[in-house]
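Presented sequentially are two complexes of chain A, the first with chain B as partner and the second with chain C.
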Partner chain A sequence: MVVAAEEKELKRLETQVENGGGGAWDYLCLVRKLKARCSHNVLKFGLPILKDPNSRSKLGSDEWTLYEQVAIAAMDCQQLEVAKDCLKSLCKKFPESTRVARLECMLLEAKGSWAEAENAYARLLEDNPLDQAIHKRKAAIAKAQGNISSAIECLNKYLEIFMADHDAWRELAEIYVSLQMYKQAAFCYEELILSQPTVPLYHLAYAEVLYTLGGLENLQMAKKYYASTIDLTGGKNTRALFGICLCSVAIGQLTKGRNKDEKEASELPSLAATALMKEYKERAPDKLPLLTSTVKSMKLFS
Partner chain B sequence: MGMVGFLVGVFGGLLLSHAAYATVQYRGMLMIVEEEFSRPPMNIVMELVLGLALCIWTALTVPGKFLSILPHSDENRLVSLPANLDFMIFNHRGKVFPLKQT
Partner chain C sequence: MAEDLVLDGAIRDWVLIPLSVVMVLIGVLRYFVSKLMRSSQLPDAKILKEGQVIIRARNLRAAANFIPAKSFRARRAYYSNEENGLLHVPKGQTQNAQAQMFSDPNMAMDMMKKNLSMIIPQTLTFAWVNFFFSGFVAAKIPFPLTQRFRSMLQNGIDLSTVDVSYVSSRSWYFLNLFGLRGLFSLILGEENATDDTARMMQMGGFGFDPTKSLSAEKDSLDIVQHEWALPKFEQRAEAVLKKFVS
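Here is the complex of A and B:
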């Protein structure tokens, strides 16, 4: 999970390294810790360390972690030669390792030789049929080939065995959203909220799926989940604030003309709009008139 | 704050023990005048309540501040989820625009 302070630190280290201020290793460690995908930077900062025998030997056993990190970054940047060199050194050091074998399969993926990669993964699975990472890679291969339905099938099979893997649930949810299968996506997000109830971003994503589904009941649920996102982020999530406004407008339109028993809930949207105004005034004053006119057209203030 | 709180706590404890001692003495006195013990006198009850309040106050303040249940909610909130690296795929513009070797 990436929290605000760590995100700031990552940006600071990046500019520091860019301007030649050192700290490349710290940057790479933080990238690994946050699981950020900044492949071009990792390649740019990590490769010089690997090429220099002096600084490489200073790392001790972390050297091999860096090899792995740079290899993956190089595949991501399509620098297949670099990746091959890294893998060669890793192979020399750990000839029997499954982890290195998996990297080699990933290199095949990066080349686009899907059939070979799949065969290689199948061979690895024979030795260790419950290797989670390899099962995940199989789903990723299917997705990379554009074969979304088989990726879904793969993920569902995987989740039957490893139900607690929230990364996989998240991937499945994102795939469903991309296919506009919102009901299924909502189910995945429910699982995610159950397994990690304090992560506001899952609440937000669930609320968004519900809002997209529409219907009075879903909209009311969506509003509740937007509200819980605000609760969990200390009111700093702009998207959730906008969500509250949009939900209450949509609910208002659906219940127009019917009995007006929703009076007590009318305080929330105007509070959200006030919070939005305040945040815009602080951080983007030039966009404030735009927001004011939008809020006015929603008629949130009575 | 820590030292003051600690002293207040010690004082509260002393009050409680003094109340106990006073009750024992009161019972001894009752035995001499041969009356039944129904309840301790009012001033001891007051002393007990005061001692209890001081002890509670100390126990709540001395160990430290209360934290919010959600540690990220105020300044250090969650801003984004990590990239789902286990499912990373390489189909992106990096294929068409390879990085220039420096």
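Here is the complex of A and C:
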């Protein structure tokens, strides 16, 4: 996950490299560390380094890491010839490596020859049936082919063994949301909250799933998780602010006529609305009237 | 106190320097031999899974208050029910796992290889030093030391009259044996240094029994009191927003 400060640094390095200020290698290292997907930039900055034997040899053994990085970026950009060249050099250096074999399979994937890629992965799995990356690639193939149910199956099988891998849980959660299987998605988000309780994005996503599920109990829970998101982000998350407003409106509608005093107990929704107005005034003044009318229609200010 | 001993230059050329060079060369050789013998063993699916279960259960225990009570109870039942909970270890299987671990020939083989690559060169060089160089005074360090250092620096010479700043050949061997790690990490790269102490630590971890930590985790999960933390967050969010708005 990219934290704001790191993203700033990434942007800074990017502009620096683009303006000819050097530091391409630092940029590439940071991309690798953050696992950011900036394939175009990686290709643009990495390839010149690889083409220049002088600067390439300066990297020492990191040269091969760069080859791998550029190869994957090239596949992402559909520059298959570049990827092929990178793979050729890697193959020459590490003829029997599984890691390189995996890259070759990924090249097959990039070409779109799914069946071949799948066969190749199956062969690799025979040697090492517990290779995490290959299991993930298999799920990715299924997803890329649009075969969502088999992707879910792959991920579930993977998670049965590697159940502490939160990235896989996250992927599964997003797939479930896309299929509108909200109960399952909620389970996955709970798992994510458990593994990283201080990441506000998971709280937010869980709240959204709960809100979508509906029902009084779920709405109340959703409101609480929106509140925790606000707490964790310091009130800067617009989605969470909107979420609080919507939740309290929905709860108000469900409990209309019943115990009124409970609804009045909290001034959170009106605070959230005020915070929203403030945010909009600062960042998007032209949308403010729109927001004002929306908030008014919610009748949050009593 | 005896007057200053004069050390023959030939001792430097034929004992001190060869000894150091040989120690370095043996260290490098040992590194390459152990690299050759290293077998990449595939992790066992069951052990791997147990490790992951423990991590996940630990997460559950640590962050239990962040999920609703219903979800927590469902998960606890999933982990620790008596029939097929993930953390539940059937009785009688505990010893089996240990026995199986010891009888696993690959594991024993691996241990032996590691030990052999460590012990054999050490005994050989020690014997070699003992045979050819015993009893030499090989060097003199340029500063005086207290008597306590005698056993460290003058191993093999049983004379109490010799000044402590003289180093015997066998002690020089020991100094090299333990003092060359920094040099190795320069020559062979940071992680590749033949680090004996780290290897010892690894051996200590061998008797580790995953089933024990499974049941320990189960016990601690069973006594967790679930108290949903989220209601508190509403007040906290209110406070945050008040600050934000004002």
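We take it that the second predicted complex is superposed on the first by the 297 of 302 C-alpha atoms of A that agree within 3 Å, B and C clash if a C-alpha of one lies under 4 Å from a C-alpha of the other, contacts with A are read in each partner's own complex, and residues count from 1 in each chain.
The rule we apply is simple: contacts are C-beta pairs under 8 Å (C-beta built on N, C-alpha and C of every residue); 3 or more make two chains touch, one makes a residue touch a chain.
Keep in mind the model is a prediction, meaning the values are calculated, not measured.
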| item | value |
| --- | --- |
| Partners on chain A (chain B, chain C) - clash or fit | fit |
| Partner chain(s) touched by A:P53 [first = chain B, second = chain C, both, neither] | neither |
| Which superposed partner A:F162 touches (first chain B, second chain C, both, neither) | second |
| Partner chain(s) touched by A:G20 [first = chain B, second = chain C, both, neither] | neither |
| Which of chain B and chain C A:P95 touches, first, second, both or neither | neither |
| Touching partner for A:G234 - first (chain B), second (chain C), both, neither | both |
| Chain B versus chain C as contact partner of A:L268, first or second or both or neither | second |
| Touched partner set for A:P197, first chain B, second chain C, both or neither | second |
| Partner chain(s) touched by A:K278 [first = chain B, second = chain C, both, neither] | second |
| Of chain B and chain C, the chain that contacts the larger number of chain A residues | B |
| Where chain B and chain C come nearest after superposition, their Cα distance in Å | 11 |
| Chain B and chain C contact sites that coincide on chain A, given as residue numbers | 231, 234 |
| Chain C to chain A touching residues, read off their complex | 42-43, 45, 48-49, 52-53, 55-56, 59-60, 62-64, 66-68, 71, 230-231, 233-234, 236-238, 240-245 |
| Complex contact set, residues of chain B against chain A | 70, 72-91, 94-95, 98-99, 101-102 |
| Residue numbers on chain A that touch chain C, as the complex places them | 128-130, 160-165, 187, 190-191, 193-195, 197, 221, 223-228, 230-231, 234-235, 244, 266-268, 271-272, 274-275, 278 |
| Contacting residues of chain A [partner chain B, same complex] | 1-5, 7, 34-37, 39-40, 43-44, 72, 75-79, 109-110, 133, 136-137, 139-141, 143-144, 167-168, 170-171, 174, 198-201, 231-234, 236-237 |
